[in-house]
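Quick one: this structure, given as C-alpha cells, is what I'll be asking you about.
A, B, C and D label the chains in the order they appear, each numbered from 1.
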Amino acid sequence: MSNGINFAFLDEYAKREIRRSVIKAICIPGYQVPYSSREMPMGRGFGTGGLQLTLALIGVTDTVKVIDQGSDDSVNAVNLRKFIEMTCPGIATTTRLQEATLIQSRHRIPEQALRADQILVLQVPYPDALVIVEPSEDKRKVMHGEADYSRLLVKLYEDIVKFDEITISHRYPTRINDHYIIDPSPIPRYDVPKLHNSKALILFGAGREKKIYAVPPHCPAEPLAFDDVPFRIEDFTDSRGERRACKLCGSQESFLDEFIDEQGERVYQCSDSDYCEQQQELAHG
Amino acid sequence: MGYVAIKGGGRAIDGAADALELLRTRQGESGQPLDLETIEKQLYFLHSRILSEGGLYHPKLAALAIKQSLGDTLEASFALRAYRSTKPRLLETPVHDTTHMRLIRRISASFKDIPGGQMLGPTTDYALRLLRMELLNESQEQFQSVAKTLFTNLPIQAVPDSFPKVLDSLRAEGLLPKVNQAAREQPFDITREPLIFPVPRSAALATMARGETGSLLAIAYTNMRGYGDVHPTVAELRVGYLPVLLPHPITGELTEVGEVLMTECEVVAMYQDDDNKGLPTFTLGYGACFGHNEVKAISMAILDRALQKGMKDGAENPSEDPEFVLLHVDGIDSMGFASHYKMPHYVTFQSDMDRLRTTQQKQEASHE
Amino acid sequence: MDKILEVKGLSQVYGPGCDLCFTSTGPEFETNICPHCGSIVALHDLNFDLYKGEILGIMGESGSGKSTAVKCLYFDQIPYSGSALFFDETEQKRLFELNPAQRRSLRNHRFGMVYQNANLGLNFDISAGGNIAERLLMSQVMNYREIRERARELLARTEVLTERMDELPKNFSGGMQQRVQIAKALATRPPLLFLDEVTTGLDLSVQAKILDLILEIQSELNTAMIVVTHDLGVIRLLAGRTLVMKYGRVIERGLTDQILEDPQHAYTQQLVASAL
Amino acid sequence: MTNKPLLMVENLSKTFFLHEQNKVIPSSSQVNLTVYAGKLTALIGPTGAGKSSVLKSIYRTYLPSSGRLLYESATGGILDLALALEHRILELRREEIGFVTQFLHTLPRQKTLDVVAMPLYRQGVNKQEGRARAAELLAELNIPERLWEVPPATFSGGEKQRVNLARGLIASPRLLLLDEPTASLDAETTDRVVALIQRKKEQGVGMLAIFHHADLVKRMADEVVELSVPVGS
C-alpha cells in the first residue's frame, strides 16, 4: 500500500505485544489475557479482535481463510479477507479448509477436523462467561482466579427449574483444562465439542473488550452441565425422527441453516459453505 | 438492490462503497469538493471534536476524516484512531505544565476577579440562539470583508504570554490537597496498556480525554442532577495553545516542536477530610482534551471528581464506578458494537430457535 | 471438650489509625472515635475460645463492635490486627493468614452466616432453592436431582414450604427469609455458624420460632455458634456464655445466667435493669 | 453409703455492688457448709439470709465475693467452683450438678417431654430414650399424659414446678441444688416428690436444699445449716 502502512497494518510494537499475550494465553489455557487492543479500520464488533490476532501471527508463507457464519462469501468475511489481502502483500488466501494455515472465523468452527499445523482464530464479542452473573470485571477476575463458578452453575440450575432444559443456546460456558470457564464465542453448541482435545491451536480475540484467550492443542474442554442433565447440541431431527439433510449436498452430519425459500418452503442448508461444496464435488465425482 | 448476506458479499461491499461515494458527490457536476482548510476553520467545533475523540492531534487528517465520513463524528474519529494504530510510538513528552498555554479564552466561575483577569474569548455562551438569516446567502465578498474589518480593528493589547492558574492561589491558601508528585511522574498509557481494574487516575483521565462527548456529558449529567454528589464550581476553564516540548534528539534538551489547541477545566467541589490528619480541603476534578471542547472538558472534570470518590470510598452510583464510566464512554467501542448488530447472526439465531422449540415441546408435553 | 475457635487480640480500626488510637478510646473515654486521628476503633483486643457445639453470645448496642467481630471472622472484613485459629477436622487454620481462595473455601464449606439483613446472605434474584443450590454447587455436588432433593430437605427442616422453593426469596416474609438463610447456611453442615442479629425486626412470635429452630439445629448437628445480638432475650435463650461489649471492648464476660442475674459492670447492670 | 464430702463451702460471702446507686448490698455472709454424697443438707434461716444466693453462687449464677466452694468432681480432684473456668462449669452443669429453681424458663414450642429430657440430650442420649425416661418421671410426678406433648408455657404453677423438678432430676446429677422444689404443690404431690428425692439420695446424689416449710426439713434433711441475715442489709 502506498501511504506507508506497515505489513499487516499494525506497527511492530503492537504485533509483539499481541504475540506475547498469545503465548501467555496458551500457557494458561482459558485465561483471558488483557491486551491494549488497537483500533482497526473496521467497527468494533466486526472482528477487530480476531483480526488483530490474525495480523500479529501472519507471515508471507501463510494461507488465510476467513469465514463468517460458516461462509467465505458473506459480507463481513469478504471485507476482512480483502483487508488482509490489501495489507499483507505476498500471503495467499483460500476458501478451502485443507489449504489454510490460518483460519479466522466468526460464529462457527469448520465442520471438518482441523490439523495440528493450522490455527483457528475466533472472533469474540463477549469474552467473559461470567458477565451474565457479575457485571464488575474486577470481581469477575477474582472469581476466575478462584475458579468460583457456582453462580454460573446456579444459572443452569434455575434454567432447568424454570424450563426443564438448559436454555443457553450459543456462547455455551465451557471449562478449559479443569479450571477457567470461557465464553467460546457465539459458536453454536454443535461446535463446542470440537474444542475438546483439538489438534489445532484455537485462539480467541475480543477487540472491543481487549482480551485474548486460548484453547491450546490437546487441551480438555468441557461444556458445563450436571451429571444427570447432560449438555446437548442442536437437534436437527424432523417430526418423523429423521436427521434433516442439506438441500444442496445431502449431508446429514453438518450444522444446518434454516430459512424460508421463495416458494415459502422451509429449507435446510449446510452452514459451512466450503464443506458443502466439497461434499457436492465428492458426489459428482 | 437485494442481497443475500451470505453470498456475493464481495460485490455487495463494492456496491455499497460506490453508493456512499455517490452520496458524497451528488451535488453533481456543479458541486465543489470540500476544502480541508475550510473544514478546519469554518467547522471549527466539529473539527475540534474529531481531534479530541480521534485521540490524535493532526488537524489536516482530522479535516480529511470529516470530509470522507460526510461529517459523521463517530466515523471521522474512528478513521483517525485507526490511522493512529499504524504508527509506532517513537518519543514521549515529559508532563507538561499548562500554565504556559497561549490562551484564547479563560474564565473562572468561582471568583469575580482572578489574577490575570477573566477573558471571555470566542464563546457562544452569551450569544442569542437566533438563526442568522444574513448568512443564508453570504457572498464571498461579504465573508472576506467581515474578516478584514475584524482583523484591522483588533486592538493589539499586551496580552501576556501566560496566565497564573486560579488553583495556584487556592492551593497557596491551603484550600486544596497537595499535588501528588508520584502520580505526575508515571502517567498510564491507555494506547499501550489495557485497563485492568482498579486503574490509576491517569488511566481514567486518558480514557476520558478521548471519550465520546455525548457519552461523557450524559454520565456527568446524571451526577449533576442527583445521581451523585458533585456540586462543582468551575475554578478555571481555559482554551488555548499549549507548546509541546520534546527532548532534542542529540542534546536531550527540551525543545518546543509545535503547539496543540486544547481545552482544560478544573472544578472544585465539596470539601472532605484529609486522610493524613491534615485539614479538610476542597476536592478537585480535572478535565482536558485536544481542541476547543468546553462541554467535554467540564463533563470530564466532574466525572474525574466522581471517580476519585468512587475509587476511594466505593461507588454509590454509576458515575462514581470506574468500570461503568470508563468502559462505556469510548465512542469507537460503543458505535462499533451497536453497528455490529446489523451483521448476520444466523447461526446463533438457529441455536436460539433450537432451544425455544425444545422448551416449547417439553412444556406442551407436560401440559398434556 | 474440643476447641473449635481461638480468637486472640482481634482489633478493627476504620481510618488511618495512629499510636494513640487504642489508648484514647473505649468505655472509659465513652467513645470509639480516636480524638487524635479520627479513626473509629470498632474493635480492640477481643479474646475468646469457642468449643464444639457451644453457643457464645456477643451482646452490645450498635457500634459496640459485636458485628465487626463476626464480620472479621467470616472474612467480610479484614481485621486491623489479631489472630484467629480455627480447629478444622484434621488441621488448624490461622484465619487471617489464609489466601483468598482458602478463605472462600472455609466460608463455603466450614462456616455459615445468617445476617440480620437477608439480602446480604441471600441472592434475591435467584430462587430459594437456587440459593441453597449455590452453596452445594460450591461443594462440587453436580447432580441436579441430588441438589433438588437436598435443597428440599433443608427447606423442610427449616420449615419453609417446599412448594415455594422455586420462588424468589425477595417475595418472602422476613421470618421466611431468615429460614431460607439458615437453610442455606446449613447446606454444607458447617461446624461453625455465625448469627448476626437474626431475629431483629421480626414479630415476637416469629422470633421465638426462629430461636427454637436454631436450638434444635444446634442439638441435632452439634454446631458451634456465635450469636450477636442486642437482645437479652435472645442471649438468655441461646447462649451458654456471653461477652458484653461497649465501644469496641469486651467489658464483661461470663456464663449467660450469671451475666443476667449478677452483672458486674455498671453498663451491664444498666442493660439488665432496663430490660427486665 | 459413705460419708464422703461432695461439696465444702468455706466462708462464702456474696455482696452486690449497684453502680447506679453506688451501694453495696450484702446477701450471704461467712457461710460454711458441707454436702455429702447420698445426703441432703438443708439451708434454713429468715428471709434475707441469702439462702438462694448460696445455691446460685455454687451454680455460678452468682459470682461469689469471697470464700471457697470446694467440689469433688467425678473425674477426681477437688476444684473451687468460684474459680473454675467457665467451660468447666458448663461441663459440670451438663454432667454433674443439677439445679431446680422455682421458675421454669423454656422455649415457646418445645414439648414437655423434650423440656424434661433436655439434660439427657445434652449428654448425648437419643430422642427416643430421652423421651421414654422423661415420660416415666412425669408419670411418677403425676403430670397427666395429655400434657406431655404440649409445651409447658400454659401449665399451672404446680405443673410447671414438677416439670422443672423432673428436668433437674432426670440426668441423675451427683450434686443437686433444690430451691423450694415443692413450694406450690399439694400434699399428695409433695409426698411423691419427697419419695423421689429420697430415692435419689439412696442412689448417692448429694443435695443442698431450701424448703419453704420446716416440716419438710424435718422429713428430708440429714444436715441442717442455719443462716442469719448479714449485718448491714
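The rule we apply is simple: a residue touches a chain if its C-beta (ideal position, glycine included) is under 8 Å from a C-beta of that chain, and two chains touch if they have at least 3 such contacts.
Computed from a predicted structure; not experimentally measured.
Contact with both subunit C and subunit D is made by no chain of the assembly. Among the chain pairings, A-B comes first (most C-beta pairs in contact). Located most centrally within the structure is C, per distance between chain CA means and the overall CA mean.
Subunit A and subunit C have CA centres that are 47 Å apart. Centroid to centroid, with C-alpha atoms defining each point, subunit A and subunit D lie 77 Å apart.
If each chain is reduced to the centroid of its CA atoms, subunit B and subunit D end up 82 Å from each other. Separating the CA-averaged centres of subunit A and subunit B is a span of 34 Å. The set of subunit B residues touching two or more other chains is empty. Here subunit A touches subunit B in the complex through residues 5-6, 9-14, 17, 34-46, 48, 68-71, 73-79, 82, 107-108, 125, 135-138, 141, 163-165, 167-171, 186-190, 208, 210, 234-235, 255-259, 271, 273, going by the rule given at the top.
Looking at the complex, you find that subunit D touches subunit C at residues 16-20, 56, 60-63, 86-87, 89-91, 105, 107-110, 121-122. By the touch criterion stated above, subunit C contacts subunit D in their complex at residues 1, 49, 51, 54, 208-209, 211-212, 215, 219, 236-237, 240-241, 253-255, 257-258, 261-262, 264-266, 269-270, 273.
Residues of subunit C that touch subunit A in their complex: 100-101, 104, 108, 123, 126-127, 129-130, 133-135, 137-138, 142-145, 147, 166. Within the complex formed with subunit A, the residues of subunit B that make contact are 3, 5-10, 12-13, 78-79, 81-82, 84-89, 190-198, 323, 327, 332-341, 343-348, 350-355, 358-359, 362-363, 366.
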